[in-house]
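In the part that follows, the structures are each spelled out as structure tokens.
Okay, so subunit A shows up in both of these, paired with subunit B first and subunit C after.
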Partner chain A sequence: MDFHIERAKVLPKSNLAKFLEGLKNLSTLIAPVKKGDKFIFSEIEKVSDVAVNYTRTILPPKKFLVPYRRERFSYSTDTLQFNKEFKVRDQIIFGVHSCDLHGISILDSVYLKENPDPRYLEIRKRTVLIGISCMPDEFCFCLSTGTAFPDGANWDLFLTDIGADYFVTIGSPKGDEIVLKLRKLFKDIEKKDLYLYKESTSKKKKAFKLEKLPDLERISQLIELEYDSEVWKEGSERCLGCGTCTNVCPTCFCYTSVDVPTLDGKKVKRIEFTTSCQYPYYSLVAGGHYFKPDRASRFKHRYYHKFVGYPYQIEKLGCVGCGRCSAECPAGISIVETINRLRGIDEKELREATEQASSR
Partner chain B sequence: MVRIGIMGLTGCSGCQCEILNCQEALLKMLKRVSINFFPLAQDDNSLEDLDILFVEGSVTTEEDERKVKKGREVSSLLVAIGSCACYGGVQSQRNDEVSLTEMVKAVYGEKGVPVKVSKPRAVSEVVEVDYELPGCPLDKKQFVYTVASLLSGVKPFFPKIPVCHECKLSENECLILKGIPCQGPVTFSGCGAPCTSAGVGCQGCRGNCDFPNFEEMVSLLTQRGLSVEDAVKFLKVFRGYTAKEIKVRGVVDEKGA
Partner chain C sequence: MKKSLEKLLNKPLPVDPFMPQRAVITDIEELAPDHKKFSFAFCDESVNDSWNHIPGQFVMLTVPGAGEIPISICSSPTRKGTVELTVRKVGRKTEVLHRLKPGDYVAIRGPYGNGFPVGIMEGHNVLIIAGGLGIAPLRSLIWYILDRRHRFKEVYILYGTRSYEYVLYKEELKRLRERNDLKCLYTLDKFETEEDRRWADRKGLLTELIPMVELEPSETFVAVCGPPVAYRFIGKELLKHGYPESQIFVSLERKMECGIGKCGHCQIGYKFACIDGPVFPLWDTKNLPEMI
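Coming up: the complex of A and B.
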């Protein structure tokens, strides 16, 4: 892990509300809140609304970095003068789980590695990311994708639950600054905190049902080798093409852009909005030709991009194991199950074996 | 001035009222267009030489047919508005199940109707249609966007993607997953998912999205307690003639199912 131990602190849970209040005074605070039976990232007005013990939000925090609908520019039809109305604000996103931090790191690679997107860069510079530890549910498989714990340096602070306190690791100078500003709320680390911190890692690992995790060893090769597998066709028969799996994914980035004129015809706005490779029009070109004419080819495309395309583009898998696509799919299609089937593992047998093992 | 007409056939006039509800946009529009034909809203009307004609309602009476054919002749562009005009409307949901005589008898009794009627048809089943703005009623924003695009000489762009798109991006809990029947996955978006955002399953009022997977939709609905027959009836309510695309897994071309 990428920090100096003297640069970690302890935040007593009893100080959490004050900490959040402190963050809110620094800039716009965004954090998970409850919505119905689920959670969503939302701008915070009352810090008592913040939900720290959540499993997953419907949409990832991506929506505050790459809005689902954004104006690129507008132009005047008379003078052809272009105008960029691009407003950025300082924001702190609190309560981001490890998988989503990794998701943002993937977006960073996509948007910033070559030809940096100036809008993304600007937003990213003015965003503080504060992570929080979590326990997996039946949809999570971040242990397989290597994203169960934060690493790298794309986040600023990370809070690990160690019982009565949070163990706070500092990932950046921006994080350091926040701790400094709110230093009264923190304690220095003691030996027992270090012990509890280390223990929390194994506690999370143990919470996974290992036999349910997908085997992602050489996954790119597997997907390429199984390009003509029947598994794609079987999955696509159930797939509704509803786009939920990509819309909720923390790493998907596809968008459509369209020019929208005003009623007086004097101004045109170029609007970009999120789209999905699961929609037929995604592959439609002039002349009415569909590059992905059937559901099976669209269904396969997402897996292909996640596990072959991303590694090729950014040397990382395009999946961080957050489980959103499986948890939200109206047809109940599971990415883990699809991978297991490609591997030739029979789900039914597997389930029976697990049930037997757990009833013993 | 661009010459516009707004015509109502057999329908509830709800879509025409929605147009009247676009108050601010209408005022802006009136700087560039003249409304030459709009019997619902004004007294002096002339159905001649139009640039764009918006047509609401299904073609159900002889008079409807005459009017819409004339409208097509005199207008450069014809835009069908609302699900009656686009698909035939709720009044056509049993078109494939009963005869016209049975329909008339069920609604008007032995006396029948004094005008000559046919089974309700979509406008495109009678004349050529350039654009379709479905919905019950049509979406005001889409109407304004369409007018703005056509006035600027560009085609309005409406990708036929499912309602789930707007529903999910509104961060609604998925109703299907909660066991509530929802047609979102097979329905043309553009409405902004107001029904699912209010906790009511999508009723499919905007018709089919591109390549809808009805087999899986029916199977999901039946897993949520509907019989296959009821699931199909539910899907047929707003889809009019496009309901012929509904297929049920394992059932080969059986009438009504």
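Coming up: the complex of A and C.
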């Protein structure tokens, strides 16, 4: 046998159930399932529950890497000896869209670049990410954020829909091992598969309504220059300050840490909770001084952090264009609309853009 | 897979940066109402020996059963063997801390933050401006400079607080005034008691001391720490007198949960106060909206 490491394989769609069954036998399987008329990532009991054709889940798969409530340490008040409290398990997250893979890569940078967090690293090392291709709906704008395709993100396998089959690209040794273990389910790639795979790129691109996409060129400078814009005030007048936009975001990472003693006060747990910059107490410091006193400044801060903060902190935009914040906002605030208003795109420009797009 | 990111995952598990070191309170000094200075020694001798920090850096202090708080180190790295923190009682965690006694355990991690740029300050005049509790991180800088006095040119200390009762490190500051290798100017908001009058050079705001400083601004580095409301006025006055905005360093306070760039709370504009600060050149107000 020739020595050969494969880069890609083909998985016939008829083998998908077996593939999922195979994954489930390997470790805990997490995948999107239908809940009401929405989708959520959930631990899988029956592989027939897995929904492969979904647009977006309410919450990103982030909740399996950084749970919304997580324990860090426990200690006793007598000895002040700290013990690690986090338990890590093997898990496979299947069916992650490109934007969410990029979201996880952003979290990788946040948690691992400087002062790496061992808890996150351990969870991440024991997580397999299997992506799947998708088609955009009216909230998606990943083409603007450069995250419509999985290139540049950290993942193990990626399934691209090419009609009767999935074209499976292998992104890591962990991904390769899975293919090897379940090799009976896969076929070798043929020329036509590669052709279809390449074609899928332009197919996805064409599914976007170009005139609806925000222009994110020079967005950092734009936001800095428009720091005092009326757009922030207008947006914040509709904003309820509920924090939904940050809670559903695949890249938001802010948390609060509290020490919770047991009833007798002898044993203490240090617990971290996901928080939101949209909450008033987020920036409260001693003396009751709020650094972000009004809703407008908090409303603005989210955009500022996504488009000015992240580029400085981790050299990437903090938004992957998943559209969750717009889709879930109870006040109907759209991130794309805010950006467009900031850019000063009025009706006339929108019309021109439409004409240009249709003549292309 | 992007190779630079792949590297992040292939690292071995690091030493836990969240894991604090156990320390014992060796001494507590009541400085003023609600202000106490705590001295600590780490239980692990090797941590004690290797401890080093830059003036202006802070630690995350675990108050047993209550939680972690960021506190500036008020002792100088030139004086080894103990770490000192001055804490004002303002809320739940600091209140629990104030109830502790010598011999009690706490836990500490750090030092964190950038601290004052002591390296580039060398060879220049130094103007130290402290308001209220802001004297705590600056005490570290003061002793650092005085222990290496020959490396710096002229040194000024301006310090303002409410009244004599609230003056911190009273004995030390008194002795500093008697030294002839630096100039001290103290002010108080109130002039009510005999002690107030005896202590202060002036009644009024800290900013009013700035015109009394006889230093060549371009040759001077300024270190400022005070209550949030003071920075704008002090900054303005300093600029008016010609101190370059890149040579004025302010130490800022923000809500902090982690101290290492993970929790997001301390963001000032696009920077993290905990890792990019807490010391910022005044110049950064251009980049960082809402900095002061």
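In this text, the second predicted complex is superposed on the first by the 339 of 360 C-alpha atoms of A that agree within 3 Å, B and C clash if a C-alpha of one lies under 4 Å from a C-alpha of the other, contacts with A are read in each partner's own complex, and residues count from 1 in each chain.
FYI, a residue touches a chain if its C-beta (ideal position, glycine included) is under 8 Å from a C-beta of that chain, and two chains touch if they have at least 3 such contacts.
On a predicted model such as this, the values are computed, not experimentally measured, just so you know.
In the superposed model, A:328 lies in contact with subunit B only, and not with subunit C.
When the two complexes are overlaid on their common chain A, residue A:280 makes contact with subunit B while staying clear of subunit C. Once chain A of one complex is fitted onto chain A of the other, the partner contacts of A:171 are limited to subunit C, with no touch recorded for subunit B.
By the touch criterion stated above, A:258 is placed in contact with subunit B and with subunit C alike.
In the overlay built on the shared chain, the residue A:38 is in contact with subunit B alone; subunit C does not reach it. Taking subunit A as the reference, the larger set of touched residues comes from C, when subunit B and subunit C are compared.
Judged by the touch definition given at the top, the superposed model places A:73 against subunit C, while subunit B stays out of reach. Where the contact sets of subunit A with subunit B and with subunit C meet, they give residues 77, 256, 258-259, 261, 265, 268, 275.
Partner subunit B is touched in their complex by these residues of subunit A: 35-38, 40, 58-59, 68, 77, 237-244, 247-248, 256, 258-265, 268, 274-276, 279-281, 295, 328, 330-332. On the side of subunit A, the complex with subunit C involves touching residues 72-73, 75, 77, 79-82, 84, 105, 108-118, 121-122, 124-125, 151-155, 171-172, 227, 253-259, 261, 265, 268, 270, 275, 277, 282-287, 289, 291-292, 297, 301, 304-305, 308-309, 311-313.
Residues of subunit B that touch subunit A in their complex: 25, 28-29, 31-32, 144-145, 147-149, 151-152, 154, 157, 159-162, 164-165, 168-169, 171-174, 176-178, 182, 184-186, 209-211, 213, 215-217, 220.
For subunit C in complex with subunit A, the touching residues are 1-2, 5-6, 8-9, 11, 13-20, 22, 62, 64-68, 88, 90-91, 94, 105-107, 227-228, 253-255, 257-258, 260-265, 267-272, 275, 289-290.
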